[in-house]
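The same chain A turns up in both complexes below, where it pairs with chain B and then with chain C.
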Partner chain A sequence: MAIVQDKLSPDSAFALTNKAKRSDRFSGGIGMLRRLLVSDYFVLYLTLLFFLVASIFYPTLSNPASITNQIQNFWPLLAVAIGQTFVLIIGGIDLSVIAVMGITSVAGALVMAENLDPAFFDKSPVWGSLMTEAGGVLAGNPLAVPAAVLTMLLIGTFIGWLNGVAITRFNLAPFMVTLVTSTFFAALALWLTQSRNISGIPEAYVTLGKGDIVSIYLGAKLTPDIARRDILPFITYPFMIAAGLAVVAQFLLSRTVFGRRMFSIGTNRKAAEVSGVPTQSVIIRVYMFCGFCAAMASVLYSGRLEIGQPSFPNNLLLDIIGAAVIGGTSLFGGKGSIRGTFFGVAFFVLLLNILNAMRLSPFIIDAVKGAFILVAALLDIIRTRVANQEQRV
Partner chain B sequence: MTTPLLQINALSKAFFGISAVKSVTLAVHPGEILGLIGQNGAGKSTLMNLIGGVVPADSGEMLLKGKPYTPRTPADANKNGIAFIHQELNLFTNLSIAENIFIDAFPRTRWGMIDRVTIKNKTRDLLQAVGLEIAPETQIERISPGERQLVEIARALYQDAELIIFDEPTTSLTARETERLFAIMRQLKEQGKAIIYISHILNDILKLSDSLAVMRDGQLMAHEPTAAFDVNRMIALMVGRSIEQLYPPRSTPPSTELVLDIHGVSAAGIVENIHLQLHKGEVLGLFGLMGSGRTELARMIFGLDPFEVGDIRVEGVALNNLSPQSSIRNRIAFVTENRREEGLLMNIDIANNIGLVALPEFARTPLLVIDRRELLDNAQHMANTLQLKSGNIALQNAKALSGGNQQKVVIAKWLLSRPAIFIMDEPTRGIDVGAKYEIYAIINQLAAEGSGVLIISSELDELIGICDRILVMSRGEIYGQFGRNEFNEERILRAAFRETAAIPTGEKLPTLDEMAEGSAS
Partner chain C sequence: MKTSMKYLGLFVIAVLSVVVSFGVVSAQTDVTICFGFQDLETEFWVAGHRAITETLRGQGIEVLEYNANEDPNRQLEQIRECIAQGVDGIIIIPQDGDSANTIVAEAQENDVPIAVFNRPPNDRSAGVIVVADNVSATEQAVEFIAQKALRQFEITGEAVTPLILVGALQDTNAIGRRDGFFNVITRYNERYPGLFNEPIEVATEWDAATALANLEAAITANPNVDFIFTSSDFLFPTIRSVLEPRGMWVPMGQPGHVLLAGLDGDATACQLIDQGYVDATGVQNLFLEAELTMNRLLQAIEAGETAPNEVLLDPGFALTAGNIFFQRSDMWGCVLYDDGFLDQ
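Presenting the complex of A and B:
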């Protein structure tokens, strides 16, 4: 037995040193990969890489028209995803954002629409009161557009307040509460409009949804009717609005007492309560902010489409939550950033455009979207693990 | 001497260049209980993880019954007859006892269905072997932590474990459950099983183990028959210096000025007609058995739980509408007994944990923007004052700290709000000897600076060591008061146990010795 051991030990010692050497050799490359994984900009790098690779196979993606389109899709999604990120950070979820966008879009149109077709709307319960042939309540009034926007934001914030109060005062699950408000307000929007889009939106409002402030003209600028595809809108109203919202949100989250309290609630609500965090009021305000953001997104969407739209596609909710998750926000709460959501939305919008460019069927597109969210969630687990390992050193 | 069941030779393990286990050589024999002690971070857990196949060793070897043993996964370890009973139990609370025991491999009938009859009968036998008389189909969530521990042991027996490792098994057990666990362990030993027992409760180890291993900084400091040790030697080996006393002396006398005055507080079925007075600079102990209402009372004072009648005055002012927020405004601090669930934000950095309570003080109006520099400076100052052993407090999460240092973070966050009243519920639970001493010194310092400190503990030794006065709670009432000069372990325990009817009929009443030992755990 002793002989066997004598024989074995130099061998095994050799094996060990050999292994150690090998891991040394790889540590440079692995170290860089680890650092990249943990980086806050990981999703951005991924998006850029994705864009470059896809542009090779689908050159149309880098056309001005295509880029314009991608950017136009980006801002409203960003606005609503910011609110959702807040809710996810405190460990909640808001399923009602799509319904909020629908009901506020309708409410805005009811205030400012400049004409309404009786053939479409005379069955509506508010025909003759809020709706007339002359349009909405303030049709033609110079203050109609600001009043409409204000109404939309107030309604969005109010629905958020309802969600927050139901969740905190009655201790109901956020999933359930927001599912109920979602169902209710989606139905209300459809009932008010009898499922029809409201057109006749004033020009000033449309500007909010897609107006340019600074553009780059790629064609001859003097031609009276230059093709849309030759314009690269650089600074637009939706950009100002959504980016402004993002800056405010990032500031709230990272610099204020409110933001710290949000993270404490998301990490451990009980501990936050014991430490004197007014958890109920913070939670209510977060849901109000989420409703506000959804209403803001509604302004951007309905302005761009030039209609009051009672219903938005339901899989938009997947895009919103998916973008936040891809950006590193945890569905378990306590983790997330506006920067991450910004990159997540960019990634998602790009992904959608590529899938569209590939002319895949909508079913396949949804399936691929789902797969990407799953991959993002798994990747996040790996990133967290790597980050935790770095912590231990 | 027989062949050891497990022989470890010069085993080492390092994480990122920092060695956690340094060339440890150790053996455990069949029919032996090996006690393993050491401060948090001494390498006990890493050593057990090496044995359990959770992490691979860097160098050295393990022999199981004389044959080389290199577990790659925990399942490998299981297959080789090594079972782990963890501090945090690994049972599925929504499943039955039987299902938990057979979760790895359900026996099948010849139709391929799960064989419920076999499972039930086998489980009944196994439960009998560990002295647990509960139906096999009982759900785990309906049984006590002590009973869950026994279910884990039953599972280990089912897996034919020859080496059973217990990691701090008694932390959440009552005195009687602990006694029962020890009886089972002795019985397992009689049957020739080898046991490794890890605990911070030195008296238990002395009583239970055959041999004793002490670890410090990843190294084995001593491994000798238990008879060669006493508590002082154990501590000296663990800490690396000799602690003259377990408790720092109380040097400052309490003032006569009242800081907290509780008058006739009652809540049906929980506490009854509580009168309690805490003075400035006083360390007041509140002793009671589990379920005596001590923790509930503390939560009521702090505004976490409601009460029906009675009033609470802080520095002469009656409080109403109690909530944690109002308590903080009234300069009351509450260190919870449950660090993990109520004390810390585990996944958030240390600085933000320390800053949480006093957060508004670091905010600048009108937008309540946090002065991050000031928050960090204050948190760092607190960390230095309490001698927190950590990495960069702005980067390291609370989770990465040892138990004692986590508790310091909890205390630090309250200190930043400069409280006049400190309520501490089990402030030293689950932390090692060295850190305990430091916590006691902090409590002393708080009192010296004029705070009133109310300490709840089930460790009577501890209260006798650090308090000016001890109140005893029993069945929701204050049932005795002892000044420092009349401290007497036996009398205090008698007061705590005055209600013999509180113990379910049919069970043997614990003798006074058992009580004393139980209360130390």
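Presenting the complex of A and C:
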């Protein structure tokens, strides 16, 4: 080694020494752990490990029906978490997504619902105009469902625009702005419906929330008396919608100037502005996209429940932000990916299922979820440090 | 850094191990029932939960419990998980009557018999639905108050101002209780014109904080309220906190007593009837309802019925200051109260 080093230039010698150091760092168990930790697939590995360990104690978790059930629970959460990931990447936060889901769910139902009971809704301020005994404004019309979905997406995007404009033009804190819009639109949804769910949702809309495109049967042979519970959903409409959204989001983030601008704003907004990035326009569009994703999630959630639902539980917000953070999205901005959020949602859905399987009280479940998000945030700090060290070396 | 990495690795493994090994279920019997409930936010649901789980486990049945934490979407996911685990039957306490329809349909489409406990779906044609007759139980309790109000009216000639704390109207129980209240008020006003003023309606959304804020506003605007009916007994402490500072929390027999009635029959109501503050409460026979639910579901499982559809009614009864001595042991709340539930 000494002879070889004598023949090298000082720069080459320095590089070789570093390579040796790096090789030393990555050798053995610690090295493997470091490689694992900085890997983009770290959360996926953790999810798989968690699944394997949990399956030992709860074998039912690994049966095909349970796995497909967990996958079906995955898509609506992914849809809304994608939008939140975008907002977190630019260093913001959107607390209004739950309210957006509520108001868009109601708005969609006001367009397409059939047969509304006056005993439930006659005190609604829109009874007689947007709501009648026949249903919503387009009840029975073949275009009711597409019009309802379009209305939902437009309203979600509009609320996102409101958030973005308030944050950029008036220089208000995202936390405060989205909290205010959340309160306002949650109250509006309850006022419009007088706290009632709107049923009478058309079948075509329900299909969007839980319809199968391809189903599978994993039995020994195909017989006419297969129980419905043994036919498992494989490719579903929620999968197509959420996966499509994820592909578009990933493309926007990784292949467009818009995506690069998002990261630059999240890393340092002032520096981005000085560099000529149109920060206001980018921030507004990001919040609009987040509202759009929340509306899309609302389609999936309300479709599968077959109701226009004015209020979604607030602790769902913990799941949304938690999934993004577990997936490696930084709460300080400038860092995150759709792939990471995908893995984060998978981890979160699995975690919830395991906690449910353990029959824990909801208080403990929420505490454990909170602890996992904290651990994820700490892990993120350590991963960043390790990655920075590797780069310096 | 190396040390911190080691600790981190150990910590992650420890967390995973603790989380998955905590609370492993081992009991195995022939029949497994999934019991999904929306939450246990009041004494009534705590007692209902206890009545069902103890009744089932008493027969050696394995019970898988799922708490949806007031989220109907979560409840749907949990019921799907139960179906995936191959349970023999399902009992749910749904979050509301609308989501209950979807959940019942989901279970029946997958050939799993399902029973709905106490909070019925809006469409009562599917599933085993065990429900208290809210209208009847409320009418019995309010009738008792109306009789008292009538006596007062005959002496003073002054109309009685009633106030009702209304539950969340997406819940059919709340609707039934409101209907029962208005049935009696209307009936008495037709028979004895001028007995009752226009009732004041106060929204609660089944939430104590909402009830407190709205009741404060209503009593401030209408300090001459003579009769308060709460759609659920769990709001009696809220009523007390509004009436007491205004000198309106007075036991019966003393001047200024506000007539009070409720529905559910919980331990607090029992205590307050004992103390003379509450005049009557409509009681749901929780023990009967738990038994009806379990027996019908087990019967369906045994017969291989995958979609039993039946409504089983609990007529309920009114426990009043007049009959508490005789009917005390029939009221689940008094049983809890006498067991020291409120001292825990």
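Quick note on the criterion: the second predicted complex is superposed on the first by the 353 of 393 C-alpha atoms of A that agree within 3 Å, B and C clash if a C-alpha of one lies under 4 Å from a C-alpha of the other, contacts with A are read in each partner's own complex, and residues count from 1 in each chain.
Methods note: a contact is a pair of C-beta atoms (placed from the backbone, for glycine too) under 8 Å apart; a residue touches a chain by one contact, two chains touch by 3 or more.
All figures in this text were calculated on a predicted structure; none of them were measured in a lab.
Asker: Since both structures carry chain A, what do chain B and chain C do when superposed there: clash or fit?
Answerer: With chain A aligned, chain B clears chain C, so fit.
Asker: Between chain B (first) and chain C (second), which does A:Val274 come into contact with in this model arrangement: first, second, both, or neither?
Answerer: Touch partner of A:Val274: chain B, not chain C.
Asker: Please tell me which partner, chain B or chain C, touches more residues of chain A.
Answerer: Ranking chain B and chain C by residues of chain A touched puts C first.
Asker: If we overlay the two complexes on their shared chain A, which of chain B and chain C does A:Gln194 touch? Say first, second, both or neither.
Answerer: After superposing on A, A:Gln194 lies in contact with chain C but is clear of chain B.
Asker: Answer with first, second, both or neither: which of chain B and chain C does A:Arg260 touch in the superposed model?
Answerer: The answer is first: A:Arg260 touches chain B but not chain C.
Asker: Between chain B (first) and chain C (second), which, if any, makes contact with A:Thr60: first, second, both or neither?
Answerer: second
Asker: Look at A:Leu305 in the shared chain and tell me whether it touches chain B only, chain C only, both, or neither; answer first, second, both or neither.
Answerer: second
Asker: Touch test for A:Gly334: chain B only (first), chain C only (second), both, or neither?
Answerer: A:Gly334 contacts chain B only, not chain C.
Asker: Regarding the shared-chain residue A:Ile159, is it in contact with chain B (first), chain C (second), both, or neither?
Answerer: In the superposed model, A:Ile159 contacts neither chain B nor chain C.
Asker: With the two structures placed on a shared chain A, what shortest C-alpha distance in Å links chain B and chain C?
Answerer: After superposing on chain A, chain B and chain C come no closer than 11 Å at C-alpha.
Asker: Both chain B and chain C touch chain A; at which residues?
Answerer: Common interface on chain A, chain B vs chain C: 389.
Asker: Mind listing the chain C positions that touch chain A in their complex?
Answerer: Those residues of chain C that touch chain A are 1-2, 4-6, 8-9, 11-12, 15-17, 19-25, 39, 64-67, 69-74, 76-78, 80-81, 83-86, 96, 98-99, 101-102, 109-112, 122, 168-170, 175, 205.
Asker: Can you list the chain A residues touching chain B in their complex?
Answerer: 16, 255-258, 260-261, 263-264, 267-268, 270-278, 334-335, 388-389, 391-393
Asker: Which residues of chain B touch chain A in the complex?
Answerer: Touch residues, chain B against chain A: 15-18, 58-59, 302, 304, 324-325, 327-328, 334, 336, 341-348, 352, 355-357, 359-360, 363, 367-370, 372, 391, 395-397, 400, 413.
Asker: Spell out the residues on chain A that touch chain C in their complex, using ranges where they run on.
Answerer: 30, 33-34, 37, 46, 49-50, 53-54, 56-58, 60, 63, 65-66, 68-69, 72-73, 76, 119-120, 194-197, 199, 227-229, 301, 304-307, 309, 312-313, 315-316, 353-362, 365-366, 368, 371, 375, 379, 382, 385-386, 389
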